[in-house]
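Heads up, the thing below is written out as structure tokens.
Lettered A, B, C, D, E and F in written order, each chain numbered from 1.
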Amino acid sequence: MYHLTMGEIKFLKEYLTGDSKDGDITSSILGERRGRFVITVEDQCVISGIEPVSHLFETVGASVLLPDGIGSGSKVGKGVTIMTVEGLSREILRVERTSLNILSRMSGIATLSRKAQDIVEKASSGTRVAGTRKTTPGFTLFEKRALMDGGALPHRMNLSRMSMLKDNHIAALGGGPEGIKIGVRELRKLYGQYNIIEVEAEDPEQGIAALEAGADIIMLDNMSPKECGKVAARIKDRARELTRSVTIEASGGITMENLSDYAPHVDIISLGFLTYGARPVGFKMEMV
Amino acid sequence: MYHLTMGEIKFLKEYLTGDSKDGDITSSILGERRGRFVITVEDQCVISGIEPVSHLFETVGASVLLPDGIGSGSKVGKGVTIMTVEGLSREILRVERTSLNILSRMSGIATLSRKAQDIVEKASSGTRVAGTRKTTPGFTLFEKRALMDGGALPHRMNLSRMSMLKDNHIAALGGGPEGIKIGVRELRKLYGQYNIIEVEAEDPEQGIAALEAGADIIMLDNMSPKECGKVAARIKDRARELTRSVTIEASGGITMENLSDYAPHVDIISLGFLTYGARPVGFKMEMV
Amino acid sequence: MYHLTMGEIKFLKEYLTGDSKDGDITSSILGERRGRFVITVEDQCVISGIEPVSHLFETVGASVLLPDGIGSGSKVGKGVTIMTVEGLSREILRVERTSLNILSRMSGIATLSRKAQDIVEKASSGTRVAGTRKTTPGFTLFEKRALMDGGALPHRMNLSRMSMLKDNHIAALGGGPEGIKIGVRELRKLYGQYNIIEVEAEDPEQGIAALEAGADIIMLDNMSPKECGKVAARIKDRARELTRSVTIEASGGITMENLSDYAPHVDIISLGFLTYGARPVGFKMEMV
Amino acid sequence: MYHLTMGEIKFLKEYLTGDSKDGDITSSILGERRGRFVITVEDQCVISGIEPVSHLFETVGASVLLPDGIGSGSKVGKGVTIMTVEGLSREILRVERTSLNILSRMSGIATLSRKAQDIVEKASSGTRVAGTRKTTPGFTLFEKRALMDGGALPHRMNLSRMSMLKDNHIAALGGGPEGIKIGVRELRKLYGQYNIIEVEAEDPEQGIAALEAGADIIMLDNMSPKECGKVAARIKDRARELTRSVTIEASGGITMENLSDYAPHVDIISLGFLTYGARPVGFKMEMV
Amino acid sequence: MYHLTMGEIKFLKEYLTGDSKDGDITSSILGERRGRFVITVEDQCVISGIEPVSHLFETVGASVLLPDGIGSGSKVGKGVTIMTVEGLSREILRVERTSLNILSRMSGIATLSRKAQDIVEKASSGTRVAGTRKTTPGFTLFEKRALMDGGALPHRMNLSRMSMLKDNHIAALGGGPEGIKIGVRELRKLYGQYNIIEVEAEDPEQGIAALEAGADIIMLDNMSPKECGKVAARIKDRARELTRSVTIEASGGITMENLSDYAPHVDIISLGFLTYGARPVGFKMEMV
Amino acid sequence: MYHLTMGEIKFLKEYLTGDSKDGDITSSILGERRGRFVITVEDQCVISGIEPVSHLFETVGASVLLPDGIGSGSKVGKGVTIMTVEGLSREILRVERTSLNILSRMSGIATLSRKAQDIVEKASSGTRVAGTRKTTPGFTLFEKRALMDGGALPHRMNLSRMSMLKDNHIAALGGGPEGIKIGVRELRKLYGQYNIIEVEAEDPEQGIAALEAGADIIMLDNMSPKECGKVAARIKDRARELTRSVTIEASGGITMENLSDYAPHVDIISLGFLTYGARPVGFKMEMV
């Protein structure tokens, strides 16, 4: 169980405001009736979203009970009860759909992430999969948590957390190895070592230029597993000559099928489809 | 082109705040450099999201140009340029990923909605498909717009806009036809005819009870096309006897495959998968 | 007792912020002194505002006690104690004036609404009086509750809840029956049956046009009771021919005196003066 | 013309948000149609509210034209056009009702205030009428402006602006002249001369105690004109002995009828009914 | 112990949001570990900030214990424990630095204020020192409290609380005694006696003009102690002739060294350096 | 000139709201009078704050002119005009004090930072000085900018940007080298290489433990220059053996006097006094 951040709590409040600022004009007729409701899962999955959903129910005065062994990151089978909620029925029903939507989307991402990380670990212990910025606006923070619940790295949380020079930035700086050098140097001057600099490299020359300019992470974009291996090796060799640390990330054109071919060559594999391609898991809530 | 609501504008601002409240510490080094960027689509689709994305770019001072014939709701082929953006590169790149994420998800939903509505119209002119509340928290308003861009109805926008007595509400009111009557009567007393009342019916008796109590819309839940047809006919007959209008909606267990079997029997078919099951469409932005 | 919505709670917080964001620089000198205060009513009335005022006092840590039989909607006589409040005196006094202002205005509206509804019910059981949008900006939500506490319908809560084609809209669409048809058709296409459409009609032709176009509610504007009766009958007849439901509302030029003449002809009578013309009821709070 | 404060602008935005956060789902169908609308007044009155209403229309992109001689504080006759508005019809209609409600209530207060101030000035040049805190929550700032537009003083704007020891405060401090002394002394110690201290006095002893303790304003509560004159004279005499300035305010039980009897004895007469008892003035907006 | 205002509480929340909206990504790994921490002071000082810091810790669920005799305004010696905090270590550490920063800056101001007020009181009992508007944006409210904890007056809290005609205002109104008269008269007309009017005077003529126009406080700007004494005496004499109260304030060019020379001549001495020139006091927090 | 972030703009708006939400009740009487004002500096300094102050004036509709060669980071002499502002006098005066307070504090920090960085560069080219978290709550973002304007590194912007295991964290994890290892390992597992990990080391063993566990930056706390040099050398040697990058930071007990003794041994020297010990620079604004 993690602790929700102030940013996450603010978004949860926005969800409720957006849905029932002027009241749930159906449930309000239930008055002071109290009820007990169970949430069950309709497919086998890795659960994610327990923390935000518990917060939502507690926010409206309901109490939440989790069965033993259930928490974000747990693998559960079809039909399992993952949560029991008790309180004023009107308030629980007001929050029902938002809660199920959160569980559904987060568990979908966690399940896919777990599967991808398992494939990678089997092919190369120590290599990690990561998400990308291909998230859903307004739901990003929870998608990042879902990646982590599934064992993946969340990657960059937002544009203020670390620097990443991508193709468009490099082009705007004049392009090529020279553009990369200008960019890395300027960023280092402003923030020193208190900022991570990642550079997207499209060929070995760009990768070496990034390393020599001082990049911390080099992302090999859209290369075949074989090409990726060759370029990564060259960069790592050069880093050793400079007694420098460097992290190699692969991204672009990678699928669940060829994932294991990339794993031995790099430190991290970032995958957009973990967030945009995950199938939501079914959940339902019923009065008991 | 529609006009964004204050609620939509607020969410767009939240997206930017969430992503770059403390600045885009990569793009900021681009200083006063200006650039021209094109956004192209990577798959054939129905475009959606032109309005919010234009707003985002304009918010950061960039100007937006739409090619002739491009707007939300347009069908476009693979590789087509859907937007040209010009302004300070640092600002355009700050907004890039959020914009592509919006276009990607909204166009996915619009494309699937268009397809579903076309199937239904072919089977029964006048019948409409609709979304449900199975949306992504924090992105719901735009998913509703995407449904509309694809020709589907957005259904209930939030819990304050109309009343819907679902299984859990009816159970909390004692269950069965009697629970339905209590619920409809109480809602009518509070809000009169200024509120739409929809009731979820699981069998013909519940449907008839809902009609007689005064429901405006009756949703037939999880019935086969045949059963659905039979129950809908009974309710419509009874409505005629009462000289009353009534709308019949089908929902639950409906797929793209059996959609056309439901169409002739009902007024509206609501489909959760239009929002949760749509595949995001690929878009990319490049400096020119 | 109803449950305040998030929107109402937000406004109550704004009231306090507006009044004492930088502190109540008189009451603050009372330090930790505690007190017990009673609120009494100075005129016979229908009470309204118990819920928001209780919330205000509880927000600042005071406890609220309601005498038996006192609640929003209760009729009370002059001099009756309607609430006892106990806690830190500085906090109770900080909230005093805002609380009395709320009770005063809401009870005024509830009292007048009760009176109007009683007149109408006597003349025609089943007919309802309703408020309008002639409310006080910033206090509208509570004025709508006060209408309901007095037995009136709140009518449209805001511009997003239902559609109402008024004279200016119809004029902008070309005017006359044709303008009405265009408007109703367009709204129905966008939102289907998930949106109520009300149309303001100034003569029988407009009323019939509205009905045939598919309007749910037809508002007869500024007609005499007799004229109103004639037009309403024509519309109802036509609705029967079409086996359609329709609601008839009268508005404009109606007073407490002629109210009972309209009642037999229509379903709803909406009255602007219920909110703008109600005399505030006197309340006072005293330490005991 | 005054300049709206940030607090007033924030409230105006809240009014729009409350009314059309999710859009005006009627007017939105008017698309890009533009229109010209005039606002006319239905009764003779002192106009108030020109500034906030102009701001609302300008906020939604419309342009506002004021006829010569029209501004807040102007006296106008029945049927006069006070404003012409031009722009997108959908936006102007979205703001129509809120604007008319503001004009209506503010002009009612300004008209009554003007009348009361005229009566007082005639009886005693230099004496001023003032409002009180008996305002409508959420609309207070505009009611204060309306008082000023009618020539009355707004009195205390909120609980942070000056101190006022009322009966309940004095009671909490032990009551009587001693309670008054404790209160005044403590307030003076905390804020020095940077804070105005007003004290409510129910008899001459309390008035003298307040003066001697250092109060700036003494409010004579619920006294007859004659009694008021006697007490005021005693306090003024004592102030002269102390070479001190003091302001005398009368309040409680004063009506439009006996107002002129109080005027010669005091500096200020504060009247709750200026805000809670003013009859809203009728305004209407029509397309031209 | 005072009660924090809504405005202060809002700022405290902003401080936390600014620092850890997306979480404290170090402390979060401490999970459910609890700890007990003591805060000690590193220099002799007058403590200030106990109330906001206690609020911060309580906001994150920790409990706060104050040793006997410790509170805002207390004089403490080096090394003294001023607070013990107990709760979840991750939460206490998240708030640690913000809390120490508040204590450090507020205690610095309170210590210097106490020293200045002691000097002044010794030279002239009844004379007070006061702060100015030379505060730190975003921290002003707490600097005002720190002044009060040190025995100084906070002076004007913000631009809405009282009026102060300074050199630039007077210049904009035409300058000189005439500019002063216009300004005072206009302000008095608008707000009557419910607003304090302070005027900055640069010579005796301006001071007399301000008094005669009706100013409540006259600030003698940048005069030597001797000159200040002469001008103050002239103004006080004229006030006696008019049986009027007036407050004299000295400001500009005053230091800790010459402070006692000004004290006998004026009512208040306002000192910018109390806020901008105070040395922060050292505090540290350690786990025990 | 940099571009203000959304977070900075939000704070600037808060400053104005805090100061004049209910209006500047002095300046408002200036009506439509326009004026031209110059801001001059009263001491030689490195200017900082041009961007936020320009934004403030532009926000209220004034235009800003900067003399050639003036910008944040410029060294200027006493009496120099740094900005000319033109517009409505009432609006410029409303913003005056907040603007001067910003310039004053930021320029103080920039001036001291520049001086410290110059000392360090002279002693060891490539070594940088940095700020710490000892900032003023509510003004931190601008203090960080001021550090950068003076050539110093801003260090960690907030608790979400990078991880820093300090003494209290290490103690909570069991203390000593073992506590360090647990902490670094856990953080790396959660965020991989997308997060910088800094560790505070109090002796060589802790420094080596941090390096071996994978820390990116090691902060040597409270060591003499000589000790610092010895420990830094040991850590750098070990890093070379591991072909690893590592950054060494010194902090604690460092003054302007001994700064140059630390410079040759480390990469970064972080100094709390750059923010809490800087003397504000005097600025004034005058009408011309």
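We adopt the following convention: a contact is a pair of C-beta atoms (placed from the backbone, for glycine too) under 8 Å apart; a residue touches a chain by one contact, two chains touch by 3 or more.
Since the model is a prediction, treat every value here as computed from it, not as a measurement.
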Exercise. By label order, what chains touch chain B and chain F together?
Worked result: A, D
Problem set entry | Neighbouring chains common to chain D and chain F, by label | B, E
Seminar exercise, completed: Relative to chain C, largest Cα-centroid distance belongs to chain F
Seminar exercise, completed: Among D-F, C-D or B-C, the pair repeating the B-F interface (over half the contact pairs identical) is D-F
Problem set entry | Centre-of-Cα separation between chain E and chain D, whole angstrom | 31
Problem set entry | Chain centre separation in whole Å, for chain E relative to chain C (CA means) | 47
Problem set entry | Touching two or more other chains - residues of chain B | 5, 7, 20-23, 141, 157-158, 160-162, 190-191, 195
For this session: Return all touching chain pairs.
Result: A-B, A-C, A-E, A-F, B-C, B-D, B-F, C-D, C-E, D-E, D-F, E-F
Exercise. Where on chain A does chain E make contact in their complex?
Worked result: 2-3, 5-7, 10, 141, 157-158
Seminar exercise, completed: Per the touch rule above, chain F residues touching chain E in the complex are 7, 11, 14-15, 18-27, 29-30, 33, 35, 37, 89, 93-94, 96-98, 100-102, 104-105, 133-142, 158-160, 162-169, 171-173, 183, 186-187, 190-191, 195, 276-277, 279-280, 285-287
For this session: In the complex, go through chain B and note every residue touching chain F.
Result: 16-17, 20-23, 28, 90-91
Seminar exercise, completed: Listed in rising order, the residues of chain C that touch chain B in the complex are 5, 128, 130, 148, 153-157, 160-162, 190-196, 216-217, 239-240, 243-245, 247, 267-268
